[in-house]
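In the two complexes below, chain A is the common chain; its partner is chain B in one and chain C in the other.
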Partner chain A sequence: MTDGPVPPARMPPVPPYGNRRRRPRRPGLVSNPIAAIAWVLAAAALLAAAIGPAVVPHDPLSPIAGLRLAPPSWAHPMGGDHLGRDLLSRTLAGARVSVGMAIAVVLVSAAVGVAIGLIAGACGGWVDDAVMRLTDTFFAFPEMIAALTVAGLLGGGGGHMLLALGVVGWMRYARLVRGITLSVREREHVQLARLNGVGWVGIVRRHLLPASIAAVIVMMTAHLSRSILAISGLGFLGFGVQPPNPEWGTILLEGRSYILTAWHYAILPGLPIVLSALAFNLVGDSLRDRYARTAP
Partner chain B sequence: MLEVEGLTVAPPAGHDPPILNDVSLALAPGQVVGLVGESGSGKSTLARCLLRLEAPLCIHAGRILLNGRDLVGLSRGEMRRLRGRQIAMVQQDPAAALDPIFTLGSQLREFADTHARDLVDAPSERANGRNGQGLEGRIDALLAGVGIDRPGRRHRQFPHQWSRGMLQRTLLAMAAWPAPPLLILDEPTASLDPPIADRLLLDLQQTVTERRLAVLLITHDLAVAAQVCQSIAVLYRGRIVESGAARTILSNPSHDYTRALVASADW
Partner chain C sequence: MITFAVRRACGAVLVMVGASFLTFLLLALAPGDAVMAIAEARYGANAAFSQETLEHVRRTAGLDQPLPVQFLRWMEHIVALDLGRSLIDGRPVADLLAERFGRTLELTAAALAIAVVLSIPLGLLAGVFRGTWFDSLCVSLATLGSAMPNFWLGVLLIFVFAVTLGWLPAFGRGGWEHLILPAVTLGTGITVSTARLLRSSVIDILEAQHLAATRSRGIAERSVIGRHALRNALIPVITIFALEIGFLLEGAVAVEYVFGWNGIGRLFVDAVDARDYPVIQAIVLLIAAVFVVLNLAVDLVYWWLDPRMRGGMR
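What follows is the complex of A and B.
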């Protein structure tokens, strides 16, 4: 190497880029029978919440003569309660509260938690420290006891229950989104966006939030099943929707006294709680397998 | 055009020796200057300083003059408006430079929207005859200009479905699209196969000629520097130990480090 720049090597012309192989198919959403059953049950729960009160066979609030504590029959598949009301109708109508309220709790918690997580992760520094210590503080309270305290201080009722469960529900989202944000914001494509003059708002909107969405949705389904349990739990302890309005946990509370004389009253209304919680959990698993396993 | 004068960069508390020590550099339009040095010599730090993304380091002394304007004194907002429009950069790994969860079409459109007022179609793209069909047509022309066939179909694909060579050539074309006076390339060929790297350098030479950009080409590969650079600056432990015409430096290196570099280069 003595005299000046080396001329570019003579290379054969590179052909224009051709078609590349298609992406391999990812495993289907409903890849096993258990997941399929879970999706059906979850869809049924959502459907019941959406149209349940409209399709009840009987009025869930008015007693029917002779139905007091009656066991299941063809006309009344879930039997009657202690006032002679049709339990199937009460359970269907209760889905609006139990499932609908759980969805509201999840949406509120996710919105608050994602916003807080994005702020903490995107700002970093002392903002991150302050916000995450606040999150740790909220985490320190046992979820159910904190919800009971808030609901107990404010009294029962739907809005108060939503507030109580929202207060204890947002922290997991904040932690999750902050973690994803911290790793994604150091990636080169985000750095390149900064090099191109994109501000923090644009980076959060275009890169950090979309990168978190898959994981957040999976967490929302798992949270949905926990919220159904929590709402039923609050109802069972008397802090939920007040009688005579039907709600799954409240129905169980009423049936508890008759467990030795009318088994169906304490058992059958508990099934939708168990099944829907299980179903949303499994749906979350199948979503995670499909989308979040390789999520950034 | 770009003049760096006595730039000294170190952590806020100071560091001895500084990461960049009294670095001076000048670039003129249409000129490709090679910044050569080993890993850790401060090449990428210098590039980040030019974009004022030096945090967590601090600029302790020196000036960065872009068309007579000192970038060191600019506010964050003013600096943000310069990035991409006045100073653009292409990074080493094209696969990491794009968001993996969006299609290339959407990312190209976003880039074009961000810089819509500044985009300048190159003669080679206008020659494709698809200009004047709005942004989509211009994006297609840009892709066609770097040898990507059937751009319409390509829009729906994700970064992992493209080869690195395609991505890097596209990124270079994107960076040059708003015709920034200064273009910084940080090891643009390091992750490419030799024939593809060669083609990228041909793209670069064409772009520089067409648009009269000043290009700072960071590389540790002397062969790359020899191929496209008019002048070369050698960075060693944060100091420019030698700079001048490429031919002179490569044929007659004066500093010990440069001599070792030239001797060890794999032509």
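What follows is the complex of A and C.
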């Protein structure tokens, strides 16, 4: 046995900055095929809302000769409705309201709820008490009944639906953001910032909002799913968009009476509702697993 | 305890008066011609109404009074607990509610029974056999079920079981066979949410420390689950069930509409359509009351089941 320099047979590669342990990998956003499909479907729903009315194969409002209650065919994959309009075109064009309006509802509710939650959490004291009492009161009444009353009495139409669903949608955000705010404002770095003379606007912008954003986005995705269901529900009860304009729930309402003679009309327009609601739910789940494990 | 209950009861009354007041405001501020809507509902649409008829409708509906007077009338009714009469057919609203609410209760009770019978075993088994194919199946079904709008599920069920197979009637009320499809439609939502909750509750409990202690004493796994885990896992489920009765009432609106079930949900949709103010007010009050009572019941059940809660509720 000779003494000598032992060649470094298996030296571990030197990490660039000292011996840092690798962080355990977070679960990926697209960790399984179902999540992948959900992301694709959600993207398709958003795309349909954005450009659906522009890419329809036929005019969603004008009848085509011979297409009255026609079953699905290659030329018209979803068949025709009771006036002979192409159902695929109506469904695509309907995404503008069904998905687009849901996005608007979510954005409005989130903006209002986050603002109220920040105010309650940052001010504390009697403001917090009063705001949370108000939130509880709004929570005490069933969402859909309230939305139905507002939308039904104000009359159908986009703005009124937005108002109806916004009125019942903001409370969850307010509760969530208030809770996060209450815990973040007591942390040392925030206290330190306040001691250094940073005003509330700065605290909110630099500390409270960034701390809430992940949980809020996860909540928005789930809310988007519920809003799609709520909007089509209002449409189905006749309190949504007024005919002849297409919207998924309204189309189902019209198709309901033809279940004996034209099943495709009563059934098929429901598929995009289920698929998009399902997709946004699953996307929300995967976002939560990735970014906000502790979020509700 | 007593002060807690009294405080909650006062809050409950406030919520109900608040909901009623908001409805009053909404009714007063709603655009559109209410008189016309009421007249159409009363005498049939497409009829030509003379000026006298419209004037008569306006007077009987109390719409000829200025807003402050209408508000005082509303207060008078609230204080006297008087629900008034329907503007459409003149029947006392209390009678109308009693008749329709019974039918809705029938439907919700059946839906609740379905939910209890299905969700407890499914949620429990999925939680105990976590990660198996059975669990994945349950979770997938639950995910699908939570994205399913109940009105479309109703149409689907009608298509399969009434139109195609011809096993069950699709519309109306009658014997027990009329109840099946609407009850399944209405019950699916809460079956799914309850099973989900129970599953995660079982998973949490099975990983809890005190069960490890139980296991280490050599008690069989079966008994650990049956005698120790299940009881604790059911606590959140019992409390959530009370709340879900409220959500059943909400879901009943669309389900009654699909199945031609003349309950309170259908009455509500019709009343909103016809601007039948007293009926709308009464239903809002009724639903608010149900929700408030259920919330109160949940808190009291919690107080009773979980002694840790008692400290926080004075």
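As a convention for this text, the second predicted complex is superposed on the first by the 268 of 296 C-alpha atoms of A that agree within 3 Å, B and C clash if a C-alpha of one lies under 4 Å from a C-alpha of the other, contacts with A are read in each partner's own complex, and residues count from 1 in each chain.
Here, contacts are C-beta pairs under 8 Å (C-beta built on N, C-alpha and C of every residue); 3 or more make two chains touch, one makes a residue touch a chain.
All values reported here derive from a predicted model rather than from experimental measurement.
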Touched partner set for A:Phe236, first chain B, second chain C, both or neither: second
Partner chain in contact with A:Gly125 - chain B first, chain C second, else both or neither: neither
Chain B versus chain C as contact partner of A:Leu148, first or second or both or neither: second
First (chain B), second (chain C), both or neither touched by A:His207: first
Touched partner set for A:Asn196, first chain B, second chain C, both or neither: first
Where chain A meets both chain C and chain B, residue numbers: none
Residues on chain A engaged by chain C in the complex (per definition of touch): 137, 140-145, 148-150, 152-155, 225, 229, 232-233, 236-239, 249, 252, 256, 259-260, 263, 266-267, 270, 273-274, 277-278, 281-282
Interface residues, chain B side, partner chain A - complex: 51, 53, 80-85, 88-89, 91, 93, 96-102, 110-111, 114-115, 147-149, 161-163, 166, 194-196, 198-199, 201-202, 223, 226-227, 246-247, 250-251, 262-263, 265, 267
Chain B-touching residues of chain A, taken from the complex the two chains share: 1-9, 11-12, 14, 16-18, 20, 23, 187-192, 194-199, 206-207, 210-211, 296
Contact set on chain C toward chain A in their complex: 14-15, 18-19, 23, 26-27, 30-32, 143-144, 146-149, 151-152, 155-156, 158-159, 163, 246-247, 249-251, 253-254, 257-258, 268-269, 272-273, 275, 280, 284, 287-288, 291-292, 295
